[in-house]
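Residue numbering begins at 1 within each chain, and the chains themselves are lettered A, B, C and D in the order written.
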Amino acid sequence: MADLSTTIHKLELKNPVLTASGTFGYGLEYDDFLDVSLLGGIVVKGTTIHPRQGNAYPRMAETASGMLNSVGLQNRGARYFATDIYPKLTKYNTNVLVNVSGSTIEEYIACAEIINELDHIAGIELNISCPNVKEGGMSFGTSCGSIENVVSAVRKVYQKTMIVKLTPNVTDIGELARAAEYSGADSLSLINTLLGMAINAETRKPVLATITGGLSGPAIKPIALRMVWEVAKAVNVPLVGMGGIMNATDAIEFFLAGASAIQVGTANYIDPTITLKIIDGIDSYLNYHKFNKLSDIIGCLQL
Amino acid sequence: MADLSTTIHKLELKNPVLTASGTFGYGLEYDDFLDVSLLGGIVVKGTTIHPRQGNAYPRMAETASGMLNSVGLQNRGARYFATDIYPKLTKYNTNVLVNVSGSTIEEYIACAEIINELDHIAGIELNISCPNVKEGGMSFGTSCGSIENVVSAVRKVYQKTMIVKLTPNVTDIGELARAAEYSGADSLSLINTLLGMAINAETRKPVLATITGGLSGPAIKPIALRMVWEVAKAVNVPLVGMGGIMNATDAIEFFLAGASAIQVGTANYIDPTITLKIIDGIDSYLNYHKFNKLSDIIGCLQL
Amino acid sequence: MRKTVQNLKVIENLQLNDDHHLLQLEVPDQLETIFPGQFANLLVNHSPGVFLRRPFSIYSVDYIKNTISVFIKEIGEGTRALGQTPVNSYINSMFPLGNSFTIPNEPEKILLVGGGSGVASLMNLAQELNKNLNDVYILIGARSSADLVELEHFSQYGTVYTTTEDGTQGEKGYVTNHSILRDQFGQFKRIYSCGPEPMMRAVAAKAKSQSVFCEVSLENTMACGFGVCLCCVTETIEGHKCVCTDGPVFNINQLKWQI
Amino acid sequence: MRKTVQNLKVIENLQLNDDHHLLQLEVPDQLETIFPGQFANLLVNHSPGVFLRRPFSIYSVDYIKNTISVFIKEIGEGTRALGQTPVNSYINSMFPLGNSFTIPNEPEKILLVGGGSGVASLMNLAQELNKNLNDVYILIGARSSADLVELEHFSQYGTVYTTTEDGTQGEKGYVTNHSILRDQFGQFKRIYSCGPEPMMRAVAAKAKSQSVFCEVSLENTMACGFGVCLCCVTETIEGHKCVCTDGPVFNINQLKWQI
């Protein structure tokens, strides 16, 4: 058994496998399938200060090796989370992080303040990259100025680990990563979904009610890997890589590109126990290649 | 038989199916497989003023529903093209376009000037979106200013149809499309490949000699469709859509999103006769849905 | 029973007609109660065009043989691949998922209305209702007589009526025009329906107008099937609800259908 | 013959050992001459992880039965799927592709050196050389005796020597250490080689040092197989050349190998 532990700023993870926001509910939905406490951590569903109904149905389109979604941050709001959901999560013996979103900087702040009060929440992932909401979301993540505004504002009210989640829908992700680091991010996670679209040729209508949606799954892995590698060169904070990870080999590729931990997203839908298989597979890889610890391969792509 | 004809500026195409640069050689390589003259047109390999050896091997990585390439515009130069290749292409009874690239604006101009002399070449596709060259290429296509410089400079020396090919590796493709239109593009084609990366976990090395490469194939279709739709809203010039088109249904989706013609790229590798099947399939679709002509569905996505 | 993911062995694959298959799947673990209306989410192997699982109602359960059956209508790459799974190979299955139809406490006179592959979720229901001594009537519509499959099976549990669009069997026309809905509707205490949405809406409108209890089973597109992706929502009087966990069965009074 | 894309029927699938298969494929159109060294690019169905075609040398040609054979070593998803193609199903094949080995005008004493799946491109060559009355010697290396397949077939066309890394058959060690390369190398007028690149480089170095004519068959990764993607290039004295059209066979003097 290799040493799989890793760190994201002050967070100690027993292993580098987290779950991606929006793909793992609150963990509870997986209790039938696996022991959530075995994971390095979970990032719960995107949370906003006010309850949100999300977008109209249909919200999903299958694509080649991937899927589009346009859920639009449906959630019952930070207060409901704190009173009704959070108490159920304290049973988990692992890091629980909350993905925080908002339409205005004030909303981000208000949401982060509520989460800041919850002892058992190890950190937040600041979602400035949701492509499925009309206001805020991704628009905060596509320019250095707006990144600086929202990240530094939340930094003031949130003391624990703050990961900033970047959008891939940009010309130069390295530059935006530097803006987030400079504004106080303890870590960066990437990538959120790529803006895409599906059309039903028979009905001649968009498949999604919102016309466009976010692309996830193995289709985007090459883009995600490239961006992790670019951002790793641009910043010094630890990175959490994701985008199309389906198995341990995919995860290893992200570590080599420079990620200190990874998140598994869409793959959870297809195999709800995939995270445990990935943890095992990473261990096998390290043993087979005679590495004692995960940190031996982080960022160790041989050029 | 429905009327499949379409126009791109002054170009009359008998059908909307073109082949994407870099995936159809000079057409000649396909003579064994199909009658190239049956196509709406072909766009030949990326051509530069000086011969280029391209990048080192390996130049290809297979990915989920796609592939990465880092060919890097290997070609024997515009003069060799004009003297040795061009004469063989005059046999084709269809539109032959040349994909023009360069490291500096002067190189673009010099290359376009040579092509401008070739009677049987119907137009050029200005490639400001190649992700696989160190200088020029995509860097011309990621800011409005540089697009304006290169497009307006080539416009001055090139009289026939000039299509400008956009890169998807940008934050706001609509804005860049407007810059190209404003600078004199007769048409826009999109998308070129998405910048991606592949890693071999066993060797812990990048798969490509250049580390990163361009992603093509069905994996990128949702992104391509979204961009065609966005650009269709932003400009008035006709669009040539591409990205992951594998069959007639995919092509129809691009027409609905707003493309007046489409290009087939990577699919040609898997089935060299695919373009003819796509032409037939478009005809069947129009007949089945009782449209008399292709133009009835261009941009007719029902919202 | 709690949700599981297991490899189930195909022990029978009955081709019912051109494009309908009935697969009997052997469950390695001891089955616990599966309720009528619940579904399974099946993994499709060897299909390059299929990325996500595909949901199918649990058509019937055999607790003695420890099997579940699914009824598959081939409409695309995924259903085609699953429908053609050879006997003795395995299908990775996530089940049981979703809620279930409400079974009355006392025997009642009940009408089931199904169309297309929607009939699949009614078989297990018919069986259960019959076991509880309800007086069950089953109305099934199809394009043509060739598409009316499993009628014998249904008739073990109730009285079967049919319609076909081409008139090749039963009454001619849509299921929603069947005379039983016109003439005898008032006699039914409950209506359960599953099939194309326009059909269910028509049935629901009828039920609502006569204040008859009515449950419908929805088939929204799903990514996960167990309540985490929030892609499968339907509008209810309490806001968006997931068809995969709050449904697939909804009382029509919960839905925001304009009927 | 000119390049074609056809569905070829698998009329025989011979499992040679754990992971090697020999597929005989029936060609509907009349075969014209296929030269030794040419290859086919095969489409893989039903494999979600495989997007592009997979190239395989044409192992042998039967102009009477109008078949070609391919020898498949399973190393990944594509080769596994192809190796397990059932008899009577079809494989969409693009062929013949690439150039070919140079056949001497007069009979000569010739050595073929193959390793791994590289032996596949040597069978058709051995047969052709034998037909032209050359004096053919075939040296084949493998990990272990179980991996040495088709030796009987080869021995119809020449004298076969073997090496295994574990010493279970022939001389122990790498093929490049075989005594024939040490003791009798000077006797050969030509060397043809196909196999792992380090092996071919060692053979090429030996040939170069003694100025013996030597051709090698390369296996670069390919996207198209017919000269349009420019992904498969190798460095030659005339710059980048495509392995799929200018090769797969190269005279070692053309290559920029540091040997």
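FYI, contacts are C-beta pairs under 8 Å (C-beta built on N, C-alpha and C of every residue); 3 or more make two chains touch, one makes a residue touch a chain.
All values reported here derive from a predicted model rather than from experimental measurement.
The set of chains in contact with chain B as well as chain D is empty. Taken together, chain B and chain C share the touching chains A, D.
With centres defined by CA atoms alone, the chain at the far end from chain A is D. By number of C-beta pairs in contact, chains A-B lead all other pairings.
In terms of their C-alpha centroids, the spacing between chain A and chain C amounts to 36 Å.
Centroid to centroid, with C-alpha atoms defining each point, chain C and chain D lie 55 Å apart. Annotation: 34 Å between the Cα-based centres of chain A and chain B.
Centroids of chain A and chain D (each the mean of its C-alpha atoms) stand 47 Å apart.
In chain C, the residues touching two or more other chains are 48, 50.
Of all residues in chain A, those that touch two or more other chains are 61, 63-66, 217.
If you sketch which chains touch which, the chains form one closed loop in which each chain touches exactly two neighbours.
Chains touching one another, given as pairs, are A-B, A-C, B-D, C-D.
Considering their complex, residues 45-48, 50 of chain D touch chain C. If you check the complex, the residues on chain A that touch chain C are 22-25, 29-30, 32-33, 45, 53-54, 57-67, 69, 71, 74, 217, 266, 268-273. Across the complex, chain A is touched by residues 61, 63-66, 68, 142-143, 169-172, 194-199, 201, 203-206, 211-212, 215, 217-223, 225-226, 229, 244, 249, 252-253, 256-257, 285, 297, 300-303 of chain B. Looking at the complex, you find that chain C touches chain A at residues 2-5, 43, 49-53, 94, 220-235, 239-240.
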